[in-house]
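Here chain A shows up in two complexes: once beside chain B, once beside chain C.
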Partner chain A sequence: MSFSSVRNPPPFLDSEDQEPEYDTRELDSDDGEDIFTGSGNKLFAATPPETDPTTDIFSEEGSFTVEKNHPPAKTNGVQSDEELDLFAEATVELTLTTPNSRGRKEIIGPTGPLSTTMSTQNSLHMHNSLNKPLEELEEEESGDTFELNIAVTNPEKMGDGMNAYMTYKVSTQTTLPAFHIKTFSVRRRFSDFLGLYEKLSVKHHLMGCIIPPPPQKSVVGMTKVKVGKEDPSSAEFVEKRRAALERYLQRVVAHPALLQDSDVQEFLEREELPRAVNTQALSGSGFLKMINKASDAVNKMTIKMNESDNWFESKLQEVENEEQLLRRLHASVDSLVNHRKEMCINTAMFAKSVAMLGSSEENSALSRALSQLAEVEDKLEQLHQEQAFSDFFILTELLADYVRLLGAVRGCFEQRMKAWQRWQEAQATLQKKREAEAKLLWANKPDKLQQAKEDLTEWEAKVGQCERDFERISSTLRKEVHRFEKEKCRDFKHHIVKYLESLLRSQHRVVKCWEAFLPEAKAIV
Partner chain B sequence: MQNSLPELVKCDVFSLFNQMRSVSVDLNNDSSLLIDIPDALCERDKVKFTVHTKTTLNSFQKPEFSVPRQHEDFIWLHDTLVETEEYAGLIIPPAPPKPDFEGPREKMHKLGEGESTMTKEEYAKMKQELEAEYLAVFKKTVQVHEIFLQRLSSHPVFSKDRNFQIFLEYDQDLSVRRKNAKEFFGGFFKNMVKSADEVLISGIKDVDEFFEQEKTFLLDYFSKIKDATAKAEKMTRSHKNVADDYIHISATYSYLLICLHSLCVINAYRHLEKFSELLEKLRKVEGRVASDQELKLTELLRYYMRDIQAAKDLLYRRARALADYENSNKALDKARLKSKDIPQAEENQRQCLQKFDKLSESGKQELTSFKGRRVVAFRKNLIEMAELEIKHAKVRIKSAVCSEHNLFTHN
Partner chain C sequence: KGSNEESAPSVSANSIKITDITQDGETLTFAITSQKSSSSAGVCVFRTYEDFDWLQQSLLSQEDVPGLLGVIFPPLPGKPLPSTSFTQAKALKQFGFLALGDEWKIYCKALELYLQQVAAHTTLSKSKALSSFFSSTESPGKHRGKKGIFKRLSHVMEEMRKEGHKDVDKFFQSERDSCTHLSVLFKVSTEKFLDTVLTKQKLAVACGHFSTSLHLVCNHDNPAAVTFSKICLKLSDIIEAVKVNFEKVSDNDVSSMGLALDLESRYQEAKKEMLFRRTCKLVELEAANRNSERAKPNKKAIMEGVQKATQKEFNLISSVAKKEIEQYHRARVSVLRDFLVSWCEKQLSTAQETSALFSQHLEACRGFVV
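Up next is the complex of A and B:
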């Protein structure tokens, strides 16, 4: 996945880097690159090609690149070369150990030329956005952006039997000064990812941030892997999970607030993480979560919010509709993948059958043609298989991710509702306290009055706090939703392009297959 | 829903046939007797074919005429030909299979049940696709019946058959004649097949090299082609499923677009629109590929499977004649031993031998021409199928490129 995002720079940048941005800081775009295209600043024309080499390296591992927005001054260029070299070794290492890297390159990693076109397109796209009304929320524009590439690779099974688990290598390459070294990797297991999510939820949910949800647990899938069956379905499961974890991390670091979170940094850097036990399904905290979810559901039905801003109500409705539709779409694409797989099997059987027929055919030219037909059908089966694979990874997983993400968005809306509820409750309590004070005043009990007055101030402060919380969560939510939608747009578009590319590739090969067969058929006498 | 379909297929489907001359190999060349089925009606379960004949032969009352016929009439004609002793040495063209609308009908039923779960557009598209499928089945069955008649008309012996003429000319319902014929021939036919099977399979090596070769080849080939037909059918069916899925996806996608229409970031969703258009194009292509594959490949295999069965039947009949001849020999020997009824036995033996020889001779001829016919048909269909596949793949490429282009220029 290749999409741009921008990081807030730490304060110690050189001032000259920041200058071009000041003029355009008000404009709404989260892709800094376009600002420069808009201003026609020649310095930045070289940016797209520069991302090429780095993308190539990462295509093997399927990472994403953040478009470099800083001017390609000599120092930076040199720096990137260094990064290139450092990671080149790492890349080699990866290729040797992961036999699937070839295949994955086609499916997951962005190809060089693709990302170039992507980056050019992003800039063109955003050029339009500059003309949009300024009422659209703005995001802080950074001067410099930094690179952070993440790859999840090398699934390895540790342990034995039912206690076995898979670990994944999480490699990071970054220029962010927050990290101590430029390139590093750690091994993590699935529960670590879940643990990260839990921690982030607790911290950021109250602020209205949309936190990307991790891939789902799968007892069936994991058990198969644990038991040690070396069949293709468990390999597929592991691959699916690996890709999902990679996307998850990439989404997390794409979020400017989350990237700066110490938990995230710790996750990426620290050698050994304490085992996140509260993510287990059958633990005490697991049950607690279930109960909380149930009570939330009940609450949702009983809360009737006085919406001052219609935007939230309509947006929530939209999100819910979209989630429904994406779910349906996901089911359809899933069915397509299954049917295509079925077609593969049937084509393979047919190919064998035709080969047999060809062998028993007495006319030699026809016999040759029939065996050729069998070969063509065999090749087609492979192509269908690949197409199914690509359908799956490109479309189905994307849709599944977004169904979950939309769920997370809905969750944020719910958080906002809860904040509102808390505010209302605080106000109600304040009212009661006021009434109590009034009563005391009337009854003229000076000692209790003092207590009541103190209570009152306390609750007034609380009400103020709740109101501020609510306002803050509302405004963050607005921004978050905008950011999310833009990313979603980009994501979908990117995947559509990838799908088109894979379709084109496979169809060209289909044409070649049949064109090779045609002369054989014509040669039948 | 059922009512709408007959209206649809009542129309003249003649123009569509010109694209459909798949398994036939230039029959209907002889202008002295031209037969075709220009029109057909589907009423509930019954299909009524209009058989149109144009002839210069004197044996017919009029130079041009049409009669309505049902599937059962074709079967009657086929059976009478099989029963006719004189034709024992000829390959009788296989009877056309019964029109089978079960598949699309079931799907239509399921569609009706699932109507509430789909959007209007999705439902309309599925219905359209199903109607096309129904039409395809219909076209196929008409073609198969037509080919049957055309093979008879282009054969020097069959074209002169009295029953064939009755079939073409008799302007009233054949069902009365049919009933009598069926009762008479039904049992006999079945017996013959059973015993002939046993004779052939008993593995007696044939003296004649040609027939021995043919026997081995046909038996082997038949089982292989039967298997290939079954697998081809499965493959085509799953291809159809894939095409149907595209309909669901395309419809849901466009519905999604309608819902997202309200977003202010309209420009950004332009690419989704283009993708939806692409999906729509793709699903049409998939549908076409599936049906073309069905016609050119599966239908070819199916037809020749039946034809080879007919060739096998010829061999059975010959084997039966041989058995008769050998029995007559034995009877003659017995008669000679007993010195009783020798002339009858001799006569019987002579007749059997004559019959057998005639069978062998015409059988050889028929089988040789059958070989040639089969090879030509395979060639034609394989070429056509390859060309169609290439065409469809190119359409897919073109659509995808067009979409990609749109994506990049529109944004």
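Up next is the complex of A and C:
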């Protein structure tokens, strides 16, 4: 896989002189999510965006290779170059372009800053999105390779009061011929994303496909934003949502069938989308309720399918078990994140108290050491904060996404069951029609017989159709499950690597903090 | 006889170590080894908290030490109550950092420091009680001696008034003021630091839960499931490493910085108490002066006698106190320095170990074929 060898984080990230203010970088090379506070890193001025609109600042990891005949690799979210202008004074990285061995331009750049309308001081923007590895090299060699990168950025509040809503910029960069231009972006609101899901989930030809579910609605979160509270928690909420929407789209386009879907392409390309209605049913809890209601109804009918092999039955059980497990894991990590936040608060308070000690202390060397210690603790607090975000965005959200994805998988199994039901019902009806025809034959009523024969033909066709539908759903589902399982492994591995990288970065900085403090402590006389 | 002028060979402060602790029901027994400064032969004695308490009371009640009131007495940690009768929360409230740490490790260290401080003190090291503490085969605490007659700081209104009594000496007035101010700040810092340590422990526990739950993902039905299980186990190992790091970091905290803050707080209290004793004597002196002035002729001589004696005591206390305060300032900075350096070195070493471990895990994970 070429991508892992070409990653070159810009040198300044490891520089000792840096204050721990990191801008929002792409996944593996970035450190944290400090906001563009303006007290930026003056050593590196933002390079002006290149005039060529196609050489966009998409992270090289985003290289999303679409195989014509194979399932595509993944996307990655990144920033378009317009964002650079907004943050010219902020901590922005160099724009590096490093050609890789295949001659493609790999570009590393900043990602997902918040729009300037959100002026919060907290570090909260986290490295975003999936970073799925590229497809195997051998496959690239055989098929045509195309790229598609998606980024969701720039949340902006439109409107006022309770009618306010957020829009997000959806940027696409692609070499797929299906799209008219290479780089484009549109603005979408949350209900548009839900609408997309709704359209996809009722398409007949997509039956059996695992369609990624959209992020959950949140009345509380959105109300705060609407009301205009510009506090850390509402900023956090917006960032969480932005990242979730990005992952959602990336998963959608990672699916070969969905990528080719006209609704998906329209979503990415079209300037104005008609307002999506009926998205109530798809709110987070509504979505799950829908699934659970369906499974309850199905269970009540005590459908016992005659399975030729029990692959489906045992797989469904597996899926259900795993979903429960992931829920537990999610709760575990959530609690971890909360403790880390508590750690931040406590460390900050301790730092303050030490600072006061330092200023009251009469012995000058001791006083200086104590002031230094206060600064060390401040730095550690920042590290805890960043690590809390790492925990959250890398692990917690991953687990949450997969709980929902497994719900979607269960939904597919239910679709298959319904298809089977329809087939059975059609067969039952056909049987009745046959009996009716037989009766008419005996009763010798030729005119009604004609009707009966026509009915019979119709229902034989229907039965045939139902059977084909069922077979098709079954085979699609099997393939989908296999694809999903492989995907899940890659996804998890990728995120674990990301998580470890963030842990390692954090630890290096802790080491530096203590190394810096040691001479101060020794200097006390 | 209890004479302090016997030149009994004194115990070498550096040699004092608490090497073991055993618990029998509610009683804790400490094994203490020490050497006399004149010989290399080690002595081991077994003492309970009662013995320590006896020692402290004996020191406080020595009769023929001039200006004893001006001595800053090394503070003895409070009486330990084994966990059977105390909840963790109560213990924390009572002892702060000394309640943490495995098996009384930190508490023992604090006791050890107490003995070292007494043995290193120019005046107190000569006490017979001290040498008896280290050499007597019998438990000296069994014979309850006189209780200290000194006023302890209490919150009685009367006492509060005396504490604020204006001093006649600028040096002492400023010492009293800074003492009050600093001791509040140190208390706050100690509390806040304790909070951070407790949160680290909570984090370790949360990591433990997460790590254990990941083990439950074990499904071997098909290749993808096997791979996924392996991935989850890898994550479990990583989280376990995070947990161990938190435990080590909080251990380092408790055993150096925590102990340092605790010691500093208690020593500041001891200094405050000494200053208060001197202030009380000042109040007494001023009362004696007034009495002497207003005394009727028949009482005048007696009152003047009392006044002279009180003045002499006060001067003695003040001169001892001054030396003690200077010694205190020197020692305190040196002790804090040692603890800060030790804390920093421990944390640095732990951070480096953890860094290396994460690095190994990262290599392994990157190489993991999916």
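Everything below uses one rule, namely that the second predicted complex is superposed on the first by the 357 of 525 C-alpha atoms of A that agree within 3 Å, B and C clash if a C-alpha of one lies under 4 Å from a C-alpha of the other, contacts with A are read in each partner's own complex, and residues count from 1 in each chain.
To be clear about the criterion, a contact is a pair of C-beta atoms (placed from the backbone, for glycine too) under 8 Å apart; a residue touches a chain by one contact, two chains touch by 3 or more.
In this text the structure is predicted, and so the values were computed from the model without any measurement.
Enquirer: Quick check on the chain A-based superposition: chain B and chain C, clash or fit?
Expert: Partners clash after overlay.
Enquirer: On the A-aligned overlay, A:335 touches which partner chain: chain B = first, chain C = second, or both, or neither?
Expert: both
Enquirer: Could you tell me if A:262 is touching chain B, chain C, both of them or neither one (first, second, both, neither)?
Expert: A:262 contacts neither chain B nor chain C.
Enquirer: Using the superposition on chain A described above, determine whether A:493 touches chain B (first), chain C (second), both, or neither.
Expert: both
Enquirer: Going by the contact rule set out at the top, does A:354 touch chain B (first), chain C (second), both, or neither?
Expert: both
Enquirer: Shared contact residues on chain A for chain B and chain C?
Expert: 318, 321-322, 325, 328-329, 332-333, 335-336, 339-340, 342-343, 346-347, 349-350, 352-354, 356-357, 360-363, 365-366, 369, 373, 485-486, 489, 492-493, 496-497, 500-501, 503-504, 507-508, 510-511, 514-515, 517-518, 521-522, 524-525
Enquirer: Flag every residue of chain A that touches chain B in the complex, lowest number first.
Expert: 117, 121, 124-125, 128, 132, 136, 318, 321-322, 325-326, 328-329, 332-333, 335-336, 339-340, 342-343, 346-347, 349-350, 352-354, 356-357, 360-363, 365-366, 369-370, 373, 485-486, 489, 492-493, 496-497, 500-501, 503-504, 507-508, 510-511, 514-515, 517-518, 521-522, 524-525
Enquirer: Under the stated contact criterion, what part of chain B meets chain A in this complex?
Expert: Chain B reaches chain A through residues 217, 220-221, 224-225, 227-228, 231-232, 234-235, 237-239, 241-242, 245-246, 248-249, 252-253, 255-256, 259-260, 262-265, 267-269, 271-272, 275, 278, 371, 375, 378-379, 382-383, 386-387, 389-390, 393-394, 396-397, 400-401, 403-404, 407-408, 411.
Enquirer: Under the definition above, what is the set of chain A residues touching chain C in their complex?
Expert: 4, 314, 318, 321-322, 325, 328-329, 332-333, 335-336, 339-340, 342-343, 346-347, 349-350, 352-354, 356-357, 360-363, 365-366, 369, 373, 482, 485-486, 488-490, 492-493, 496-497, 499-501, 503-504, 507-508, 510-511, 514-515, 517-518, 521-522, 524-525
Enquirer: Over in the complex, which chain C residues touch chain A? Could you list them?
Expert: Residues 178, 181-182, 185-186, 188-189, 192-193, 195-196, 199-200, 202-203, 206-207, 209-210, 213-214, 216-217, 219, 221-222, 224-225, 227-228, 231-232, 234-235, 238, 242, 329, 333, 336-337, 340-341, 343-345, 347-348, 351-352, 354-355, 358-359, 361-362, 365-366, 368, 370.
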